[in-house]
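What follows are several structures.
Both of the next two complexes hold chain A, though its partner changes from chain B to chain C.
Now for the complex of A and B:
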């Protein structure tokens, strides 16, 4: 009896505790939730509706989307964005992995190499962009000075429409490589040593060990970096603005050769004040990012446990 | 259990949303006796300091008004304002570039200057004629404190080095090209080590083409109502444009990307001449690594037509400001545009007085640095932009087509006029 009653009492008590704890938890969740709804979800929905109203007209229509479809600069920006994605993501992963594998081999001053390669990622994007911009300067930039001393033809870099996108991409890769390296290092350290020992006993070559053990076991890391890298490259903005804007050029120039979707959206929304049209561009960008992420998850998320 | 949790969440959500909507009701602040107004400008060190000083003085004279000045970096200024105005949180008085007026009017950001505060006639009598181009539908929306014009800066050290007379700057465009050629140094690949003239389009260059060269070649750049772009109405328009383009493509006296910006090139002593506004005087004074002088813009032939481009930052009362706030805003605006403030402004900011009465002031016209700018104001024209940034982009793209893609000048020029016209058509037809 006593035992029983005691149990009942503690049960009721724990119920109360549970509710109270839940209450407190909800309270703590409230502020971030309101914040999230207020500055993320609500503006997103608002922008979505705004994209269906054309500036200067009443009612809702597909006007902005029709105009987008016939807008050559928009398509140029879409193409550029894909080029950024295709150029930067595989290369920043490849370089990051190479450097990570290299650092794994090094036993002295490992921290030093880690810091050196991670520094570009930590430095302010604006500052880095301006340093690169000066390096790329076609008249007095350090890159052309090197070419000149080597008696090679000097290049236009950012001022040449054919090279500008590649020049921007080079900086993007350089900056992101530090980040991918760090994540790869963590991924490499997560692979159990026993696999390598077993492979060694079986007499597997280094090459085979890499492809059969390291690479498959890094799959979650690669997946993560690809998704993050793709989203980042689709949203590239600050670097482009700082490399190309200012009083000597146009943002996304020359001749829109470096313009990305986000840059184009920014120009429409905050330079031409056509928020409705800019909203339509963001909706398209949103759909693109979602599709690409889904495809990536489908293609890359293989299970190697079996 | 589930039900309970649901209700807790619902209650919390509702209070949260109520709290959010509660936030959006701004407190006017006019109940406490003092009327509070806000003034927005972009971050320009000397202007921010000057405004703060002026506000202090104004508040002493008007103890019942409190003015809060806020400033934002130039690059974000339009973004902030657009966002704030859409959210109904904009300032009461906003400082804006005159080229943005049509856009601001269309976006419903600003209200016309009330007739009983200052009538059109009063405005036209008070100011130099240059500011009249901002009139829209027979209404003035803004009142400036100061205006700017262009002049030719030249580096006396570089003139000496090239064997030119350092006290004798070019008077005509042909002289400018000849002098600049002597100061330009390029390597075997054609890359610049030093340029004779800080040639550009994105800086003041496009204004020089539109308002100076065009007029000197006998072309009225825009129709009087601002609806028509008339650059290629006469063959001389193309000639004027071509003359400017030839400076870099044929005469090779300067490159637009040299040292990133034209003013950096001049400041670092590697450009012999630059056309720039009075607002950069302070920056060039700071650089001070060489002797320089200022003179009026070149003309086509000696004694020929003088022309200049005038621009200004100006002040508007935003939409929705009414009652006590409107009264206070008008009082502050009146104070800002007074002749006394304008003189103070010239001294501390370096922009020229906009009041007609001050344009004859000997003290200002005889100053070796400000003199040429005031002189230039007499023939200054300001461009009526409908979408300043877009029009600039189109112009820069046309120039890039010529410089980078080798498009023939006449083809690029005609397309440029067509596109600039389209921007205007779109604006006026909506």
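Now for the complex of A and C:
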């Protein structure tokens, strides 16, 4: 046994040890494989098949997809989802970067700023959604009270179909900025000091230093945050349900003005119990997320090539 | 030098303005929880007088603490299973030679692309068939392990020197023990990052728990608050909901203050690695 072990220490495994190792590896991976196949892969395939069967009909068809194509509420939800993405992702990145740059600049109270700005990201989405709902309330909300004190016209916020989506977006940005800030801070700390020192010696202005050094070196961070932000905004659900649902409103309301793809899926699948139709909606979502992931992989590869 | 100081003060002022905007909802939440209902309609910034009836109501009339308990149970169990399984899988994929290694890794990794939203329908059908609806098992089975955790742990396990593991083998240590006693202590930072992220994710999970629970008994904290808020037929009891939110959020903030360094490091770590 000892002798055998001595051989192993030299880095080469005997044939017998090799098979033994492989057996142990398969043993360790047995339960995980069953899990990933049974709880991830198989349900995915199941959802695909389900999306091709129309409720109340036999066999497989494109029925759900044809219906989706002619469903105005679905298109409205898709459009809204893209609006959430276009509004929230650039702003949460911009604010996150500005705050991170500010924190990098100051020397005192760094930890304090970092904690406070990060709070919204780590607290319960449901709880804070209700707080925002109270603040937005057009009768008793604090926002309208502030406008009133300033003698400005009061707004409908969540109850106005033209403002509801923006109101939801504001909360999404408020929540996500803490996360982008944190990742930007990590990214900024990863930039070698020497670059800045060299720029200073060359007499480069702060502005120029930012655009020529900081920004290009943050590119991978920006790409990462854009992809994460895009995928998350495509899946927006919890905030919308809690800001708009219930006895005083309908989920995704008013007039579907805040409905997202996932909100519409939820209503179809778990309110109207047309799970086949809901599956078709999730397949569309799946394809969108896959496209974003593939674009990301492509961009990352290009970065490595360069 | 003096000029620099002034610009520093401006940055501080801007950051403080941001702090006010970011922190206001939390202040408002706590203030609103100690107002009486008429205060809301009278609109007073501060409560007329402190009114704790919302908290009394939460303690006596709702199942709030049952929801709290459910959330803790689910989040703790899922965190433990993720730490064990993800690290074991990551270790095996990083440190063992066997055919199919790459295929298995790619198979697990590919599941990262599948959105939860697509899986909840099959999971619900499955749970209905097997009687898992409205049980702890039903809430937590989809989260037992995550591809992201496997990916993270594999990265870190790769960094462990082979000699260290071989030395333990020479000493006659079993493979399972080598993973647990030798490999695991080497990746502690990654484990705490994964633990924190998993706990937070499950603590805040909403979509699946709202689908798979049907009785008030089995609701998790977010589901409980949400359904309490939306199911009111007589109008929203704002002070009660703000009280529930406060009770849900404030302990989390306190825990965060204690572990803030670890949490911040963990999220930065995964962000940079991911």
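Here, the second predicted complex is superposed on the first by the 267 of 306 C-alpha atoms of A that agree within 3 Å, B and C clash if a C-alpha of one lies under 4 Å from a C-alpha of the other, contacts with A are read in each partner's own complex, and residues count from 1 in each chain.
The working rule: a residue touches a chain if its C-beta (ideal position, glycine included) is under 8 Å from a C-beta of that chain, and two chains touch if they have at least 3 such contacts.
Just so it is clear, the structure is predicted and the values come from calculations on it, not from any experiment.
Partners chain B and chain C clash in the overlay (superposition on chain A). When the two complexes are overlaid on their common chain A, residue A:26 makes contact with chain B and with chain C alike.
Applying the stated contact rule after C-alpha superposition, one finds that A:198 touches neither chain B nor chain C. Looking at the shared chain after the overlay, A:56 reaches chain B, while chain C stays out of its contact range.
With both structures placed on the common chain, the touch criterion links A:134 to chain B and to chain C. Contacts of A:291 after superposition on the shared chain: neither chain B nor chain C is touched. Of the two partners chain B and chain C, more chain A residues are in touch with C. In the superposition on chain A, contact of A:270 is made with both chain B and chain C. In the overlay built on the shared chain, the residue A:246 is in contact with chain B and with chain C. Mapped onto the common chain A, chain B and chain C collide along 256-264, the only clashing stretch among 256-264, 364-372 or 400-408.
Overlap of the chain B and chain C contact sets on chain A: residues 22, 26, 33, 134, 139-140, 246-248, 269-270, 275.
Considering their complex, residues 1-2, 5-6, 8-9, 11, 13, 18, 21-22, 24-26, 28-29, 31-33, 35-36, 39-44, 46-47, 50, 99, 102-103, 105-106, 108-109, 111, 113-120, 122-128, 130-132, 134-135, 139-140, 142, 145, 174, 177-179, 182-183, 185-187, 190, 224, 234-235, 237-238, 241-242, 245-248, 262, 265-266, 269-270, 275, 278-279, 282-283, 285-286, 289-290, 293 of chain A touch chain C.
On the chain A side of its complex with chain B, the touching residues are 19, 22-23, 26-27, 30, 33-34, 37-38, 55-56, 133-134, 137-140, 144, 148, 153-154, 156, 159-161, 246-250, 253-256, 267, 269-273, 275. On chain B, the positions that touch chain A within their shared complex are 4-5, 8-9, 12-13, 16-17, 19-20, 78-79, 82, 86, 103, 107, 187, 189, 191-193, 200, 202-203, 255-263, 387, 389-390, 392-393, 396-397, 400-401, 404-405, 430. Listed in rising order, the residues of chain C touching chain A in the complex are 8, 11-12, 14-15, 18-19, 21-23, 25-26, 28-29, 32, 40-41, 43, 45, 85, 88-89, 91-92, 96-99, 101, 104, 107-108, 111, 113-126, 141-142, 144-145, 147, 150, 162-163, 166-167, 169-170, 172, 175, 179, 200, 203-204, 206-207, 211, 221-223, 225-226, 229-233, 235-236, 238, 241-242, 244-245, 248-249, 252-253, 256-257, 260, 263-264, 267-269, 271-272, 274.
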